[in-house]
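Below you'll find the structure I mean.
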Amino acid sequence: MEKTFIKLLKEIDLSDPIFIEALPGIGHVGKLVAEHLIHELGAEKFAELYSPSFPPQVFVGEKGIIEPMKNEFYYLKSAGEDHKDYIILVGNTQGLSPEGQYDICGAIIDFVEKYGVKDIYTLGGLGTGQHVDKTKVLGAATSKELTKMLEEHEVKLRSSDGGIIGASGLILGLGMSRGMNGVCLMGETPGYFIDADASKAVLIALISILKLEVDVARLEERAEETRKMISKA
Amino acid sequence: MEKTFIKLLKEIDLSDPIFIEALPGIGHVGKLVAEHLIHELGAEKFAELYSPSFPPQVFVGEKGIIEPMKNEFYYLKSAGEDHKDYIILVGNTQGLSPEGQYDICGAIIDFVEKYGVKDIYTLGGLGTGQHVDKTKVLGAATSKELTKMLEEHEVKLRSSDGGIIGASGLILGLGMSRGMNGVCLMGETPGYFIDADASKAVLIALISILKLEVDVARLEERAEETRKMISKA
Amino acid sequence: MEKTFIKLLKEIDLSDPIFIEALPGIGHVGKLVAEHLIHELGAEKFAELYSPSFPPQVFVGEKGIIEPMKNEFYYLKSAGEDHKDYIILVGNTQGLSPEGQYDICGAIIDFVEKYGVKDIYTLGGLGTGQHVDKTKVLGAATSKELTKMLEEHEVKLRSSDGGIIGASGLILGLGMSRGMNGVCLMGETPGYFIDADASKAVLIALISILKLEVDVARLEERAEETRKMISKA
Amino acid sequence: MEKTFIKLLKEIDLSDPIFIEALPGIGHVGKLVAEHLIHELGAEKFAELYSPSFPPQVFVGEKGIIEPMKNEFYYLKSAGEDHKDYIILVGNTQGLSPEGQYDICGAIIDFVEKYGVKDIYTLGGLGTGQHVDKTKVLGAATSKELTKMLEEHEVKLRSSDGGIIGASGLILGLGMSRGMNGVCLMGETPGYFIDADASKAVLIALISILKLEVDVARLEERAEETRKMISKA
């Protein structure tokens, strides 16, 4: 494989979809939220991304079945109160090298731009390195209108406190250069376990903003399954 | 050298060969097995792979003779009970960078695909970091049919316990995208010496699956030679 | 994004401009000087540089507003006693990998060469790792005429004491191959805080050499603001 | 700078020149030998190599004068008893990344091949990490004829003791694929200072093999100068 490529599994037609990115990161916070959305709302996979900048390996899933490293695009039509379309990106890995991250995130932005994406939400965890009493959701956005909106949904704004590292940051940065609006939601997490509390907090903020109806309680069950699958060897 | 290239030493014609990969890794487990197969079954070298993603160095072999870093393809015609053809890949190195691994493993898959490969076996060690009482062979595969087959040959399935790192994993992942079937056999090994016991266990599983007749005892002698060659400076 | 590119914001016409580089580095020394020059002299931004060799992230600025990683080119016409034109380069990052640094600095030299740049000044800090009593400015240059000139402005010459690492060095090295003259001014700094003293010393040397009139006192205020912005989270 | 390039300073005509590589490495062993040969035999520079895989920096030489990172090709016509032509490669750096080393060493081999090089000598140090009582010169070569020749000149052969890392190894490896013969001479050195003793031992072996007449004693003076230049800041 010489370059990043996206394999289209299904031709679809979307109307100004909202793009949600939740590739794996600290505490699996974003990934849990996105997988929950996909299952609860019945999103369907329509494309896969492969890249030579992914880690050079495969995963071993349940019962010895090998899974290649990949990112997966799901879509939803007319979801929630606003009857909006969605593209949701999940996966089992991110790019390893800085140049690889730019290559992959650039391919992702090119791809979703073709479907008319104008608004991006990236989800992740914010590692505190210590016990978190009551999970806060922190946010950042590409405009004052959006940061104001975040505050209305009880998201605390980050401020001059460093960067948003990896795909959750870079996708927003690259989206900005195409005129896309972007929001990043991060759940505070100790960061060293699969953190369903942080995911729940992010999910609540996200569905409040997007006016989606999703069973929040069931997220804890999903986190439990993920924990079991990872601990079982 | 600007890119990975394969130097063909001999034009050969094979019929749906089985591809066995055993590039150097933990405990030299796969490498020992493959070198043993090559010698015992009289496989012949027909191609060499060179890459700018190999370590930038040469090896010094016996009596001061310099060896370039390379991977080597051997072939066997009509071997074992099933009269199958084989391609066996060994070498003195793997790619260093993630992108380099994708480049090299991609070139390998492109190359063996031309000979009609549909089935891949990758061999390696699984480091335990501690003494191993009775070496187990662990396995993973690209389909349920294959994992079931592995269990019939007393290979224990790995399960959701992380990844198969390096060429032994990536070759399977890239093969999957070409519709190739794949199996990885890993011998448990402490990992910090040349482990003939782990190699023997992998060899026994492999020849049972592939119905090959190979002298297993002689593997220990070969391991001893390798140990001497490496310790002697 | 596959390669480094420069986005021109405004067509401008300059006459043999002097190029001042001050990308972020140790103690924020050069960056503070250049930002001060830009504000005090009213320099205007005319181009931005983006690169896949920048860190794969975005910054979060004040009140949760996301800023992409970028370098920014400012210009000044007919400034100071000598009525010279200037191009000033600042930014929130440098390239990460060695190859990335060459790519980015090469793009910068290509770009400024088109405006007729023949003289380069690169600004930075020189980390001492310990308390600095009275900040000295150290310098190096591409010719004896320039090192002599530096001594006349009370800049102490560095000598065979290692290298100038990063953009401040590489831009001079690449400029030399185009026949550009270059000077590097480095303020001694402990290196582990935003060092207004080191910046002030570099600023005084620079405006003495270039015959610019700039309020030096106000630099301390700017450093204070920067410190507050960074400490506030 | 997007790729490695060689700037030809003078058109020259050589007859089957012997190529001596001595880029900087452990203990400056090879570099000292080559610089000594260049000065004592009056070799003349005819080409320079620049690369984006060199460290992204410049050196500061004596009295604040900036030197770009580069490799330099010198030549000698009809030198020594055998009236042979020579190309000698020195420089202030090597490539940083593995891929960069392949790129640079490949460009070097391409370049010297055009002059008809068939024999390569690479010079370096072999770090012992401890005090060396009597410096031995260790060697390796691409054929039995050459290793035998080395033993006749009292060079001890290395044997299965790992690799020759960096340009001194890789140039031999890449040369082999063009049918060039190669020898590596390494002087044992503690490795943490500029080691004139190791250089002297390598020089004695080299001039014995190549039948060159060079003042060995003066090498110590040159090492002393280098030490002073590096310690002086």
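The first chain written gets the first letter, and so on, giving A, B, C and D; residue counts start at 1 in each chain.
Going forward, contacts are C-beta pairs under 8 Å (C-beta built on N, C-alpha and C of every residue); 3 or more make two chains touch, one makes a residue touch a chain.
Remember, predicted model here, so these are calculated numbers, not experimental data.
Peer 1: Which is the least count of steps on a path of touching chains running from chain A to chain D?
Peer 2: The least step count works out to 2.
Peer 1: Look at all chain centres (mean of CA atoms) and spot the one farthest from the centre of chain A.
Peer 2: Farthest by centroid: D.
Peer 1: Mind checking chain C against chain D and telling me if their interface is mostly the same residue numbers on each side, over half, or mostly different?
Peer 2: Answer different: the two copies use largely distinct residue numbers here.
Peer 1: Between chain B and chain C, what's the gap in Å when you average each chain's C-alpha atoms?
Peer 2: 52
Peer 1: How many Å are there between the centre of chain A and the centre of chain B, using C-alpha atoms for each centre?
Peer 2: The separation of the two C-alpha centroids amounts to 37 Å.
Peer 1: What positions in chain A touch 2 or more of the other chains?
Peer 2: 97
Peer 1: Specify the contact topology among the chains shown, as one of line, ring, star, complete or other.
Peer 2: The chain contacts form a single closed ring, each chain touching exactly two others.
Peer 1: Give the pairs of chains that touch; include all such pairs.
Peer 2: Contacting pairs: A-B, A-C, B-D, C-D.
Peer 1: So in the complex, which bits of chain D are touching chain C?
Peer 2: 1-2, 50, 52-66, 68-69, 96-97, 100, 229-230, 232-233
Peer 1: If we count contacts the way the header does, which residues on chain C are in touch with chain D in the complex?
Peer 2: 95, 97-99, 101-103, 105-106, 139-144, 147, 150, 157-167, 169-170, 172-174, 176-177, 182, 184
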